[in-house]
Amino acid sequence: MDKKQMTEIILDTKMKKEVSWDDLATATGLNPVCVAAACLGSASLNDTEAAAVVKELDLGIEVEKMLKVFPLKGEGQVVPSDPLIYRLFEIAYVYGASIKEVTHEKFGDGIMSAIDFTLDVDKVEDPKGDRVQITMTGKFLPYKKW
Amino acid sequence: MDKKQMTEIILDTKMKKEVSWDDLATATGLNPVCVAAACLGSASLNDTEAAAVVKELDLGIEVEKMLKVFPLKGEGQVVPSDPLIYRLFEIAYVYGASIKEVTHEKFGDGIMSAIDFTLDVDKVEDPKGDRVQITMTGKFLPYKKW
Amino acid sequence: MDKKQMTEIILDTKMKKEVSWDDLATATGLNPVCVAAACLGSASLNDTEAAAVVKELDLGIEVEKMLKVFPLKGEGQVVPSDPLIYRLFEIAYVYGASIKEVTHEKFGDGIMSAIDFTLDVDKVEDPKGDRVQITMTGKFLPYKKW
Amino acid sequence: MDKKQMTEIILDTKMKKEVSWDDLATATGLNPVCVAAACLGSASLNDTEAAAVVKELDLGIEVEKMLKVFPLKGEGQVVPSDPLIYRLFEIAYVYGASIKEVTHEKFGDGIMSAIDFTLDVDKVEDPKGDRVQITMTGKFLPYKKW
Amino acid sequence: MDKKQMTEIILDTKMKKEVSWDDLATATGLNPVCVAAACLGSASLNDTEAAAVVKELDLGIEVEKMLKVFPLKGEGQVVPSDPLIYRLFEIAYVYGASIKEVTHEKFGDGIMSAIDFTLDVDKVEDPKGDRVQITMTGKFLPYKKW
Amino acid sequence: MDKKQMTEIILDTKMKKEVSWDDLATATGLNPVCVAAACLGSASLNDTEAAAVVKELDLGIEVEKMLKVFPLKGEGQVVPSDPLIYRLFEIAYVYGASIKEVTHEKFGDGIMSAIDFTLDVDKVEDPKGDRVQITMTGKFLPYKKW
Amino acid sequence: MDKKQMTEIILDTKMKKEVSWDDLATATGLNPVCVAAACLGSASLNDTEAAAVVKELDLGIEVEKMLKVFPLKGEGQVVPSDPLIYRLFEIAYVYGASIKEVTHEKFGDGIMSAIDFTLDVDKVEDPKGDRVQITMTGKFLPYKKW
Amino acid sequence: MDKKQMTEIILDTKMKKEVSWDDLATATGLNPVCVAAACLGSASLNDTEAAAVVKELDLGIEVEKMLKVFPLKGEGQVVPSDPLIYRLFEIAYVYGASIKEVTHEKFGDGIMSAIDFTLDVDKVEDPKGDRVQITMTGKFLPYKKW
Amino acid sequence: MDKKQMTEIILDTKMKKEVSWDDLATATGLNPVCVAAACLGSASLNDTEAAAVVKELDLGIEVEKMLKVFPLKGEGQVVPSDPLIYRLFEIAYVYGASIKEVTHEKFGDGIMSAIDFTLDVDKVEDPKGDRVQITMTGKFLPYKKW
Amino acid sequence: MDKKQMTEIILDTKMKKEVSWDDLATATGLNPVCVAAACLGSASLNDTEAAAVVKELDLGIEVEKMLKVFPLKGEGQVVPSDPLIYRLFEIAYVYGASIKEVTHEKFGDGIMSAIDFTLDVDKVEDPKGDRVQITMTGKFLPYKKW
């Protein structure tokens, strides 16, 4: 079994048993984005978390072990053509330089970490149409000079 | 004058006069990311906003006019190698599919708009190291069937 | 079963039973382009629509379920070399900037939505040779400033 | 003078004199998209049309001559990152195969010409938000066997 | 069965039975390049032609049906590295702009159709070494203005 | 002066003096495609030919010398988006493998040379619309084994 | 069986039977590079040569036939990352323009054929470390003007 | 002055003074390919060699200094479309894997150095057409294990 | 069996038996990075080393043989999106030119060998957070002139 | 003045005045790689450091100011063809996955920071040929789950 087969089994079972990402989040005590990343093969879980996912979906030890393997992250199209995912690239194309300017003004030379990092996806209700809110929080890492 | 020359003049003057993005935000009533996007040539301003930028920086009518032109957005490297901007791509590579899963679970088939959209960059103070918080909020656009 | 296998089964059955896209459009109450997009794995159907497709083609529950899954859209060649599909790219290369100019003149800064969007393919009879007419209608989304 | 310089002069003058694409369309008897394509360097004009553009904008013989030169069409990014233009690529990614299926069903094996071709951009008023309508009409060219 | 499997079966049988493209051309009344394009999956045949190919090679109904399906044309490397095929790209790199100049001089603004199009490959005997002659004939399509 | 400047001067003068490629072909005794290739910087001329071009256009010694320099051939877009030039790539995508099959059947393993090679562009009059005929003739080069 | 399967069988057998490329070269009367090219699927053999390879490795008629098929040459990475193969690309990047200059000075405008071509790999013993010597010899093909 | 300007001056003077690469090779005691590499900006010269080039061409101290700067080597197209240079890539595509096999058989795991390396371009006279001979000799570098 | 299957078997067994890279390093007398490279298919082992790996993991002769085959190194994404591996590319983007400058200043024109080369990954304990230390040591190869 | 012009002036002056990176390192109290990165436009300096560079090279206030601007880092070729810089990519291609395995074994899931990071280039004298030693030390950043 590899990560790809693990993902197929999980998605298939999840659909059949009608388990949601929210259910898996509750079961593991993690954010739904974070547990989805592990199930899709872009993150790893610890013993307790992996056991919780497998129990919730009633899967076997092979899946449980594979959930704990440190993954090779982020294989796929260089620029994805799926419209939902592409919008994240478009935001980087249109606002990337502006985010850089404002971050530098507030923090100095450095970056937002994408490792010591959390991400939430929330629904903001709005009479003119509900809104998707994505909140990214990453440690500021100042450039070290030496 | 084109957008590129406009940006050079603005950045040069901004550095010499020590005007910050926050100053320009206050002057225009806009978010600093939003006014930076306009000054960097990825967004347009209306009459009042353009006048405010030009007044704050003490620049001429040519710059003011150019700030109001609708821009060709987002030219540059397909995958930028600047570390701060690249992290936005890395987040999309590692968490893009998870964001898609969770958004679909919460909203159904559709996307977060990158047009009817706002973006804030904030500093979250933390004794273990300050954190950069990027909050994106976009209207959910459900796929229309016909 | 995944979307790709679903498409293979549908196309195979469709050819053997000589069911047309128009038949599937009638059965579902959708536009033929829209129902084709779902059968080719670029869109999802609701319960009634999926049931109608499966009934028309006399297929099973697996296909029906898969038609309702929200798809990862648009995988393939970055610039397709099939002549019919390439022409859509050629039109964007040759007239994209002009469409941008005229749209901005009529609507201001913003875009045509590709999500809140419909598309028709029609035959326009013409003694000098029939013509293909593609009509795209998408909601205008003005750039929001914040 | 080359096409690029011609475009710069035309856009500059057009902005200063506040001439619209609609004005140039009226002056030349062409569709605004078509005259914009010529002014942006993706199409050529005949003697009368070029003279009309130059007269409307009060420009010289050099621009007039250059408008009549047959252009090298469509140079730029392989996949443009400007959001408005990118949507045309997204439509081709998501619906290209469906357009192909439906076109083949209605016409047989062949393509829609992008040369013997017209394109309109219209505003469709709608209380829920105005809509952009793009209508493409191209001669059907059946594959010739030999 | 898909186009790729169809091609494998045809090439395999063709080699075992020692049937040439010329034999298939005679059987179908088509040019050898044209019938090869259909067998390799880049063109479709009508009922009579498909039946003739299948009869000549003594294959079954599945292959016959698949030969009539309208193909997705031209998948492969963006720039093929096979030397024979690459030379066609090299000719376009070295002489493409010259062909454009001379075509425009003889015909005005427009293109040679690659759809209403025939192509012959002939052997021209020459004491200094035989020569390959490729003759392409396509309808001139003038750019339509509108 | 480099090849690019040479080309600009030649094209500019050619337009002003209304000299055609046919005129330059007659003056040099070369095919119009061949002389255009030299003037566009993809081929070199000998002393007599360069002198003839320069005389016909009434240009100076600098241009004459530059026409004789052996060029770096074929710089530009990997896959050109100009519709006329792209059709040559499309023909290679759709028929390249078929041309390979038929050439191998007629000649054995080897290629058509693109160096010991001639190319003609002709107009074939046709009541249903004139046709562009491109005839390529290149020496067959058999693969040498050693 | 296709070329890829043929190569797998040959390499597997070659390793098990400890047959060297030199042995296959002796058996066929060809250069080791040339016979390796055929076994790896980038060249074809004639009847005698294919029979000799198959006899030396004790393989069957399927492999023998496949060795005689004219191959689609050179599929793989655009720029290979294997260090040994990459060095050939590096040499072309660093010395390509110089080889072009010197070749033109010695021969005029034209190229070294890669078809009427031989290539040897030799070991040159050297007390400071043995050296790899690659000798390429190709017919000079002068550019033909027409 | 940068390397690019240095190359322009050298090539311009070399053409005007009719100095050959062989002359520069004699003047410097280097191989013509090696001195051409330095003049084209892909290699550096030592004091004596740089002085000899500058003396032969009667150029100034700026060029002499720039010839001694260690260059950034090999900028240009990823896969060059100039036919002479492309042939080197084609050889690597078609024979790269075979060269690898034979080198490994003769030397073990390792590579031919492209740094401790020489390259000659020679003319081999042949009644059937002269041949270009390129001889590359590089130190074998065995993979070091540790 | 090929290298890919070999790697799958080794990784699978390694996980099940809980053998570490350090264990395999001790067993073979090699650095953990070096033995990992062999097990992942990017390096080859000699007889003793391959036997030691196979003994430690209790695997068969097929794996042992395959570990000794000289590999095709480095297939994968042109720029990997896995964050840990990408950082190596980022370091080259940000500091590559500086490493070049300093190396040239210390050694003259030449490079660090990536073949006669060793690489260590060490943990440097630090109260503010442990640090990863990567030490690369490669023979300096001066550019040879000839 | 922009970063590119700043770099040109610094490199030019540095060559004329024969100031080394070591001199600039001593003057600023930084590592030579670190100060070179700033001078080449990939890092920024603080007030004292920038003043020291400018004093050492006897340059003006414009350069000093520009050295303090936070740079857009790492623009250039996606995969550099300069042999010295390419070796860093080759090391990542050949050993990247192994470095990942060993890092994960020693530290768990996470990465080596390229921001909180130092890099030294040293000369290790060796009778068989001096060696380049590159030591990278970056903080280990464990993946945060949330």
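Going by the order they are written in, the chains are A, B, C, D, E, F, G, H, I and J; count residues from 1 in each one.
The rule is simple: a contact is a pair of C-beta atoms (placed from the backbone, for glycine too) under 8 Å apart; a residue touches a chain by one contact, two chains touch by 3 or more.
Bear in mind that the values here come from a model prediction, so they are computed numbers and not experimental data.
Which listed pair repeats D-F comes down to matching contact pairs by residue number; over half match for B-J among E-H, G-H or B-J.
As a whole-number value, the distance joining the C-alpha centres of subunit A and subunit H reads 49 Å.
Our note on geometry: subunit C versus subunit F, Cα centroid distance of 41 Å, whole angstroms.
Centroids built from CA atoms put subunit E at 32 Å from subunit D. The mean-CA centres of subunit A and subunit B are about 23 angstrom from one another, to the nearest whole unit. Counting partner chains per residue, subunit F has residues 34, 43, 72-74, 76, 78-79, 81-83, 90, 93-94, 97, 100, 110-111, 113-115, 117, 119 touching two or more of them. Screening every pair of chains for touch gives A-B, A-C, A-D, A-I, A-J, B-C, B-D, B-I, B-J, C-D, C-E, C-F, D-E, D-F, E-F, E-G, E-H, F-G, F-H, G-H, G-I, G-J, H-I, H-J, I-J. Here subunit G touches subunit H in the complex through residues 20-22, 32-34, 36-37, 40, 42-43, 73-74, 76, 78-80, 82-85, 87-103, 105-107, 110-114, 117, 119, 121, 123-124, 126, 128-140, going by the rule given at the top.
Subunit E makes touch with subunit G in their complex at residues 8, 15, 77, 81-83. The touching residues of subunit I, counted against subunit G in their complex, run 2, 65, 69, 72-76, 114-115.
Put simply, subunit I touches subunit B in their complex at residues 79, 81, 83, 86, 90, 93-94.
Listed in rising order, the residues of subunit G touching subunit F in the complex are 30-31, 34, 43-46, 49, 70, 72, 97, 100, 104, 108-111, 113, 115-119, 141-146.
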